[in-house]
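In what comes next, subunit A is part of two complexes: it sits with subunit B in the first one and with subunit C in the second one.
Up next, the complex of A and B:
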C-alpha cells in the first residue's frame, strides 16, 4: 500500500480537483436524477427553502417509465418522438458529412482564393448558434421571409415553413445542416491533407479512375477522423436543443426527445420534473447503447479507438 | 500537436507541389465548375449573416415588408435603442454573459489543467475508468441533470443567480477542458519531462515550469472555446436565471424580442450583430487550432 501511494501519489493529487468536481456536480446529481425518475416530483412538491417548504414527493416505482414507454401522447408520445429524433439526427449528420466532405475535397485542391473561401465557409460555425437560429426564423417567415421571396421569384409556391406540418422539421434540419457543415468540413480537410500524395500518384499510375481513387484512397485515408467526427456529430445532434427551441418553439412537429424533456421541465403549468428526468435517463441510455454498438463495430473493422 | 503539425505541413507542401505540377491538366471547364460550386457554398454560408446585418439598419415596420429591399429607411437607430437600454437592459445582459462565461472558463481551465496533464503522462490505476467517464460525459444530455441541478441550486439558495449558472456550466466545461488539454499535452514530447526530472524537478515542477509554459496555445484555445460555449448556451440559462431583466444573459435576453406578440425584427437584428461580433472575432483567432485539438483529443483518448 505504501509503495503504491509512493508511486502514484502525485498523479492522484493532480487528478483530485477534477474528480471532486465531477463527483459533486455530475455524479451526485446524476444519482439524484435517476432517483427522481422513481418519484412523482413536480413544481408543487419539490423542497423550496424560499417558500419554507420541505420536499413532499413520494416514490411511485416504475410508473413514470410505464407512462413514458407506453407512448401515450400526453407524455410526449415517446416512440414517435424517438423516431423523429432519429430521423432528425441521421438526416442532419448525413448531410453534414456529405456536404462537408464535398466542400473539403474542393478546398483541398489548388484553387485561387482558397484561404478566402475557407474563411467564408466557416462563418456559420463562428456565429453563436442562437443568433443563427433567430436569423433563420426570420428568413423562414411565410409572409416576409426571404426564403419564400426567392421561391416565389422562381415561380414556386411559398409554403408556411414553421407551421404545424413536417415542413417545420425540414426547416430546422436545413438550419442545423447549415450550422454543422463547417465543423465537418474543417475536420475532414485536416484528414484529407494527411493522406500522402504518393498514394494518389500510385493509384493514377495504375490507371485508377477518379471514382476509384476516391473509393480506395480517400475514404480509407479518412477512416479514423471520420469515425470520430461522425460519432461526435451524432451525439451533438441528438442532444441539439437551441435550434429547435428558438426556431419553432414547442411545435409538436419538430419535437425531439431533449426539447420535450425541456418542455416538461420548464413549460407553464405542467412542470413535471419526474417525467423530465425520466426522459433524461432514457436519452442517456439510448446514447450509451449507441456508442457501445458503434465502438464494437469499429473494433470489428480493426480500428483501435 | 507541434510534431503532428510539422509533419502535416511537410505533407501538405509536398502535395501542393505535386498538384501544382498537375495543374496545367485541369481543363478550363472544371476550373469554372470548381469556383462556381465554392462561390455558391460561400454565398449560402454567408447570406443569413449578411441578411441580419441588412435588417439591423431597418426600422421594425420595414423589416417585415413583403418585398424586402437592401436599404429601406436604414439608419443606426436600432443600435442606439439597443445600446441605450430602450429595449431591455442590453448592457446588463452583455455584462452578465461576459461575467458568467469568464468565470466558467477560468474555473474550468484552472481545475482541468493538472488533470489533463496527469492523464496524459502517468499510468495509474483508475486511469481508464476516468478517461471513459470523460467520454461518457460528452454525451450527457442536459435533460438528465437539469432537474437535480435545479433542486440543488434551490437548496443552497443559488437558484436564479449568476454563480449558480457558473456551477452548472462547470459540469460540461470541466470534462470538456480536461479532454481538450489531454489531447494537447499528448503532443508535447515526454522527453521534455524526462529532461526536467533529470535536472531534479519534481513532477509538479515539471508540469508548472516546463509543460505549462509550452502549452500556452493549447490553454488559450481551450479557454476560448469554453468561453464561446458558455456565451451561447440557451437551455440552462433560459430555465435557471430569474425573470428579472437585470439577471439575464444575452441568449435569454434576446428571446424577449421574439416572444412578444409583435416581433421587433429590426431591433433583434441589431442586438444580434452586437452579440455576434465579439464571438466571431474570438472564433477566427482560435479556429485554426480548434479542430486539431478536438480531433486529436478524441482520437487518442
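Up next, the complex of A and C:
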C-alpha cells in the first residue's frame, strides 16, 4: 500500500480536484434529488430563512412514484407525456440525421464556394438557442409571422402554429431540427471524409450503382460516427428544454417530461419540488435504460466501443 | 478473355499549364497476356490503368476491350476487375462477403456465390479465413483477399495497381511468383502497374516503360534488357542501374580513361553521320569485369563495396575526359576488392555496350 502510494501519489493528486468538483456539482445534487423524491417537499414546507421557518417536509416513501406512474393528469399524465417525448425525440433525431447526412454529402465534394456554405450551415449552431427560439416564435406568429405570410402568398391557409394543437409540436420539431442539423452535418462530414476514396472506386469496379455505393460503402463507413451522434442526439433532444419552453411556453401540446418537471418546480400554486424531482429521476432512468440497450444492440452488431 | 488496346489515349489534367498525365498512349495487349506498366513516380502508369478501369476520363483517343470501344462505358460495363494498392477491402464485410460482393450486386444466386467464393478461396489458401473481417487479417492475407475479389468475378481483364507494395520484401517475392502462376493458370489478360523494375521483369510477358506520360518502350523483359530503346529505359531497367556516361568519341570508339573501347561500325557511322563529338555510353555492371593490372582497362579507385553474398557491387571513380565518373561493377562475391584499392576494369564483351544520343537519349544503331 505504501509503495503503491509512493509510486502513484502524483496521479491521485492530479485526479483529486476533478473528483471533488464532480462530487460537489453532480453527485451531491443527484443524491439530494433522489432523496427528495421520497418526501413531500414543496414550497410550503421547505426551510425558509426569510420567514424564519424550519423545514417540515416528511418522508412519503414511494408515493410520489406511484402518483406519477399512475399517469394521472394532475401529475403530468406521465405516460402520454412520455409518449410525446418519444415522438419529439425520434422525430427530431431522425430529421437531424437525414437532413444532416444529406447536407454533409452535398458538402463532401468539390463545389464552388464550399467553405462559404459550410460556414452558413453552421450558423444555427453558433447563434444562442434562446435567440433562435424567439426568432422562430415570431416567424410562426399566426398573423405576422413570415411562415404564414409565405403560405398565404402561395394560396394556402395560414394555421395557428403555436396554439393548443399538435401543430405546435410540429412547429417546435421544426425549430429544433433547424438548430440540431449543423452538429449532425459537421460530425457526419468528418465521418464521410474518413472513408477512403478507393473503397468507392472498388465498389464502382464491382458494379455498384450510386445507391448501392451509398448503402454498402457510405453507411457502413459512417457507422461508428453515426452510432455516437445518434445516441448523443437522442439524449440531448430528450432533455431539450429551451426550445420548447421558449417557443411555446407551457403549452400542454408540446409538453415533454423535462418541461413538465420545470413547470412543476417553478410554476403552479404550490411549487411541488418532490414531483419535479421524481420526474428528474424517471428521465434519468429512461435514458440510462435506453443507453444500455443501445450499446448492447451495437455490440451485437460487432461495434466496439 | 479479351485483348486490350489503348488507341492514342491521353489524359490531361487541368491546370496551368495543363498536365498530360498520359500522352498519346498507343499500346496493344494480346488476349491472355501479362503486361506490366512500369515507370517512376508521376510517369502516368497508374493513370493509364485507371483510364482502362474507367475511373479516369479519356480526354483524347480511345480505349478498346475485346475489340469494343469502351471509352465512354462506365466501369461496371467493362467486365474488368481491379486490385488496389491499398486493397480497398470493405471493412464491414467478411472475407467471403468481400469476395462475393460483385456477384451479389449482379444478382447471382446465393448458392452459386458461395460455391465460386469457396473455389477462389481454395485457390488462394483463404478457406480458413472466410468468416473473418479484413481487420483480423495480416497484410499478406488481405492482399490475397483483394486478389480473390478480382478472381471470383471471372472478368475478362485483371487490373492490378501496385498490389505488392504494402508487403514486406520476402512476402513480396513469394506473392510475385504466386500472382504470375495464377495468371498463367487463369489465362486472363492482366495489366499490372508497378514502380519496381524487378517486379516488372520477373512477372511480365511484356513490359511497357513509361516516363512523363509517354510510352518509352514496350517489349519482352529480355529485349528491354538487351536493347533498351533509349537512355532512360537503359537506366531504369536492370538493377543495379546501367552505367551511363557521356564520353568523347574517336574514329575507332569511345575514349575512357586513356583507353579506347572499340565500337561497332554501324554505331560509329551513325554517330559521325550526326557529327557527334560525344556519345552516351552505357554498360551494365555485370558486363564489366576486374582484370589484372597487365591487361588493358580503365583504372578505377574503389569507393564503396556492397556485398550481396553471391556477388558484390564495386562503386569506383574513373577518369573520363577532364573529370571523374562513378562506375559500378558487379564482381564475384568471394573476392571483392577493398576500399581505396586501385583496380583495373575492362569491358567483358563489346556487344554489351549500349550507345545513345547524348541529347535525345535515343539508341544509336539498330
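Here, the second predicted complex is superposed on the first by the 304 of 305 C-alpha atoms of A that agree within 3 Å, B and C clash if a C-alpha of one lies under 4 Å from a C-alpha of the other, contacts with A are read in each partner's own complex, and residues count from 1 in each chain.
The definition used in the following text is that a contact is a pair of C-beta atoms (placed from the backbone, for glycine too) under 8 Å apart; a residue touches a chain by one contact, two chains touch by 3 or more.
Here the structure is a predicted model, which is why all the values come from computation and not from measurement.
Participant: Report clash or fit for the pair subunit B and subunit C bound to subunit A in the combined superposed model.
Facilitator: Fit - subunit B and subunit C, as placed by superposing on subunit A, sit side by side.
Participant: What angle, in steps of 10 degrees, lies at subunit A between subunit B and subunit C when each chain is taken as its C-alpha centre?
Facilitator: The angle comes out at 70 degrees.
Participant: Does subunit B (first) or subunit C (second) touch A:223, or do both, or does neither?
Facilitator: second
Participant: In this superposition, which partner touches a larger number of subunit A residues, subunit B or subunit C?
Facilitator: B
Participant: One more residue to check, A:144. First (subunit B), second (subunit C), both or neither?
Facilitator: A:144 contacts subunit B only, not subunit C.
Participant: Is A:196 touching anything from subunit B or subunit C once the two structures are fitted on A? First, second, both or neither.
Facilitator: Both: A:196 reaches subunit B and subunit C.
Participant: In the superposed arrangement, which partner chain does A:267 touch: subunit B (first), subunit C (second), both, or neither?
Facilitator: neither
Participant: Determine, under the contact definition given at the top, whether A:276 touches first (subunit B), second (subunit C), both, or neither.
Facilitator: So A:276 only meets subunit B here.
Participant: Counting only touches as set out at the top, which of subunit B and subunit C does A:205 meet: first, second, both, neither?
Facilitator: So A:205 only meets subunit C here.
Participant: After the two structures are laid over each other on chain A, how near do the C-alpha atoms of subunit B and subunit C get, in Å?
Facilitator: It is 6 Å, taken between the nearest C-alpha atoms.
Participant: Could you pull out which residues of subunit A sit against subunit B in one structure and against subunit C in the other?
Facilitator: 196, 201
Participant: Can you check the complex and tell me which residues of subunit A touch subunit C?
Facilitator: 196, 198-199, 201-209, 212, 216-217, 220-221, 223, 302
Participant: Along subunit C, where are the residues that touch subunit A in the complex?
Facilitator: Counting only subunit C, the residues touching subunit A are 53-55, 74-76, 80-82, 84-86, 88-92, 101-102, 105-106, 133, 149, 153.
Participant: Help me check something: in the complex, which residues belonging to subunit B touch subunit A?
Facilitator: 8, 11-12, 14-16, 18-20, 23, 34-35, 37-38, 41-42, 44-46, 48-49, 51-52, 55, 63-68, 111-112, 114-115, 117-119, 122, 124-126, 130, 133, 136-152, 154-155, 157, 167, 170-171, 174-175, 178, 202-204, 207, 228, 231-232, 234-235, 238-239, 251, 254-255, 258, 265, 268-269, 272, 275-276, 279-280, 283-284, 287, 291-292, 294-295, 298-299
Participant: What residues of subunit A sit close enough to touch subunit B in their complex?
Facilitator: Against subunit B, the touching part of subunit A is residues 8, 10-12, 14-15, 17-19, 21-22, 25-26, 28-30, 32-33, 36, 41, 46-50, 103, 106-107, 109-112, 117, 119-132, 134-139, 141, 143-144, 146, 149, 178, 181-183, 186-187, 190, 193-194, 196-197, 201, 224-225, 228-229, 232, 235, 238-239, 241-242, 245-246, 257-258, 261-262, 265-266, 273, 276-277, 279-281, 283-284, 287-288, 291, 305.
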